[in-house]
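In the two complexes below, subunit A is the common chain; its partner is subunit B in one and subunit C in the other.
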Partner chain A sequence: MITCNFEYYRPTSIDQAVRLFQHLDQTGKKPIYYGGGTEIISMGRMDNISTGSVIDIKEIPECRLLEIRGSHLVIGAGITLTQIHESNNFPLLAQAGARVADHTMQNKITLGGNLCSTIVYREAVLPLLLTDAEIIVAGPRGTRALPINQVFDQCMNLDKGEFIVQVKVQKPFLSYPYVHVKRTRQDKIHYPLVTICALRADKEIRAAFSNVCPFPFRSRAMEKELNRSSEPVGRRVDKAINLAPAGLPNDLESSSAYRRFVLKNLLTSIVTELEG
Partner chain B sequence: MLNPKAAKGLVMGAMGMGLGLGSRESFIYSADQKLQNTSLRTYKVLRIGEQPEYLVDWVETPNLAGPYGARGLAEHGILGIHAALANALSKAAGVELDQIPIIPQLIWEKVEEAKL
Partner chain C sequence: MYQFLNEGLIEIKVNGELRKALVRPADTLLFALRERLGLTGAKPGCENGDCGACTVLVDGWPIKSCLMLAVEAVGHEVTTVEGLDNVPIQKAFVEKFAFQCGYCTPGFIMNCQGLIDIHPDASDETMHEWLQANICRCTSYQEITEAIKSVLHSDQAQE
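The block that comes next holds the complex of A and B.
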């Protein structure tokens, strides 16, 4: 049971949503934007969230797009992981999304919701970091287009009252060679022990990680080491892992030593495959 | 055998439970003894898609003290499964795996220990 009462709004335009947020905020209703609701509902049941109102963005037409427009693939923030997987416009994102939670949840979880999740894994962000995606954000300051590598630093850094409308990815990135791997403590359907997305763009390997550190990231310093093709792969991988932006965590999924072992094996085979 | 289908179902269920206990189920406590995996999100049980094929057969020995020679069945199916799993994985990994649950990290740790 969800113990707090809250109002549910379903605006049909960006403008309405933004104004609604400001109004609800001023009247003390602590509004939150609502995508698939999986996190709000499960946290509500555990009494970990309290809100007076939610604003569902799934009826805003811009948030429902999933199509190629000119030189970009446009994915609305209200599109579910299942829709992304079934359309398969962006195979790397399709695969990453298809390993978030289980299939029933993927039918509900939206792209925008996963990117803004308070659960730290946010695996859908990895393909976007690798493809220099553009994030279209709407809020009191109007609508802005922001490079993902600027707006995402450990988590999505949006201003109060802002929400993600769309994600845009340049077409060429959609067909670059890629690898997605997820390892868990034991079961297929579980939080990641390590998730890696990697892509070869212009002969350079790019790699992004979830739960290698307590936040998802892409590291240029690590990529530089991985691409040092004059050195043996094993040494490159070791050096890259040492450059991770934070220590490898000891958590419920694994010890940091085992995590390093798994990461090293996976990166070695990824680099070998993408260079091969 | 009074109810062969129920008996088979009971043993299959027990074998599944045994596999879960052998391969993943355990309570994890913090240093100050607080339970860490308090929901099915983190306390993992075997999912339907992970069930192997179970072969169940019987050696019937009538229990003369029971009605029609019957005896209770209950948890017989669970008892040997962790040991069977541990034996199989020990043989495959070349190390003694003598604790459960046997997760990949445990196998790796035992293999690393054996190298020392």
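The block that comes next holds the complex of A and C.
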């Protein structure tokens, strides 16, 4: 049971949602945007979240799009991970989403919700980092298109009152060779020990990681080492891992040494596979 | 714009009937079904989205009702285990002895029913993917798998 009380709003346009946020904020209702709501409800049940109002964005038409438009695949923030998987327009994102929580949860978790999650894994962001996706955000400054590598740094960095409307991915990226791998400590349904998404674009391997550091990331420095094809794969992988932007976590899932061992083996097989 | 600001009546379509429920905006669908509508088929387990005991169908898709607000169901169709009338998967659970204590059974049956409706020709891989959303602490997994396979592949069996 969620002990705190809040008001529920379901706007039907971007403008309505933005104005509502500003109004509720000015009246002290501490509004939060609401996608699938799984994290908000589970945190609310534990009294780890306190809000006076939620703004459910799932009925905003722009947030419900899932289609090819011109040269891009457009995915609304209110689209669920299952819808992405079933459409299979973007196989790498479909696979990454299909390993978030479990299948029934994927029927509720939205793309926007996963990207803005406070839980560190946010695995749906990995394919978007690799494909230089564009994030369409709406807020008091209007609607803006931002490169994901600009707006996502450890977490989604949106201005107050902004929410994600859509994600746009250029069509060529949808068919590049890719690998998605998620290793858990024991069962298939679990938080990741290591998750890696990789693809080969223009003969270069790109790789993004979750739970290798305390935040999801894509590192150009690591990619540079992985693509140094004059060197043996094992040495490249070792050098790349040494360039991780933070220390490998030492937590209940695994020691940092074991995580490094798993990461090295996975990266070695991924590089070998993508280099053909 | 739809809004629901304080405790009050909402109208939800459950098992084909429009039902009124007195809830707060912060109440879950699970709470509304059990405590307001008397539909106790959906079971409270972890209430954290892990166990699947509270699974119902919303517009045909399995949803953990502990992680959905009751008010979110307004405008959608909810089906609970009470809404199934001796359908093949229920018969299969009996025939295959696919339960022991039975607490997880309604959640499993609703998830199975969703799969049967949406992907009647589901592969074993898809079936396992869907079933991993539910937990049976009595470990009846083998029998549950046999039950759903007998329904999913009943067409082939008859041919």
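Going forward, the second predicted complex is superposed on the first by the 276 of 276 C-alpha atoms of A that agree within 3 Å, B and C clash if a C-alpha of one lies under 4 Å from a C-alpha of the other, contacts with A are read in each partner's own complex, and residues count from 1 in each chain.
Basically, a contact is a pair of C-beta atoms (placed from the backbone, for glycine too) under 8 Å apart; a residue touches a chain by one contact, two chains touch by 3 or more.
Computed from a predicted structure; not experimentally measured.
Visitor: In the superposed model, which partner reaches more residues of subunit A, subunit B or subunit C?
Guide: Looking at subunit A, the partner in contact with more of its residues is C.
Visitor: Given the touch rule stated above, what does A:50 touch, subunit B (first), subunit C (second), both, or neither?
Guide: neither
Visitor: One more residue to check, A:2. First (subunit B), second (subunit C), both or neither?
Guide: second
Visitor: If we overlay the two complexes on their shared chain A, which of subunit B and subunit C does A:37 touch? Say first, second, both or neither.
Guide: Touch status of A:37: second partner only.
Visitor: Determine, under the contact definition given at the top, whether A:242 touches first (subunit B), second (subunit C), both, or neither.
Guide: A:242 sits against neither subunit B nor subunit C.
Visitor: Per the contact definition in the header, classify A:254: touching subunit B only (first), subunit C only (second), both, or neither.
Guide: So A:254 only meets subunit B here.
Visitor: Contact-wise, after the overlay, does A:272 reach subunit B, subunit C, both or neither (first, second, both, neither)?
Guide: A:272: touches no partner chain.
Visitor: Applying the document's definition of touch, where does A:188 land relative to subunit B and subunit C: first, second, both, or neither?
Guide: It touches subunit B and subunit C both.
Visitor: Touch check for A:82: first (subunit B), second (subunit C), both, or neither?
Guide: It touches subunit C, and subunit B stays clear.
Visitor: Report, in rising order, the residues of subunit A that make contact with subunit B in one complex and with subunit C in the other.
Guide: 188-189
Visitor: Where on subunit A does subunit C make contact in their complex?
Guide: Touching subunit C from subunit A are residues 1-2, 4-12, 16, 20, 37-38, 41-42, 44-45, 54, 56, 59, 82, 98, 101-105, 107-108, 188-189.
Visitor: Show which residues of subunit B lie in contact with subunit A when the two form their complex.
Guide: Subunit B reaches subunit A through residues 23-24, 28, 36-37, 42, 44, 47, 49-50, 101, 103-105, 108-109.
Visitor: Along subunit A, where are the residues that touch subunit B in the complex?
Guide: 185-191, 252, 254-255, 258, 261
Visitor: Quick one: which bits of subunit C touch subunit A in the complex? Just the residue numbers, please.
Guide: 1-6, 24-28, 31, 47-49, 52, 55, 61-64, 66-69, 71-72, 111, 129-130, 132-134
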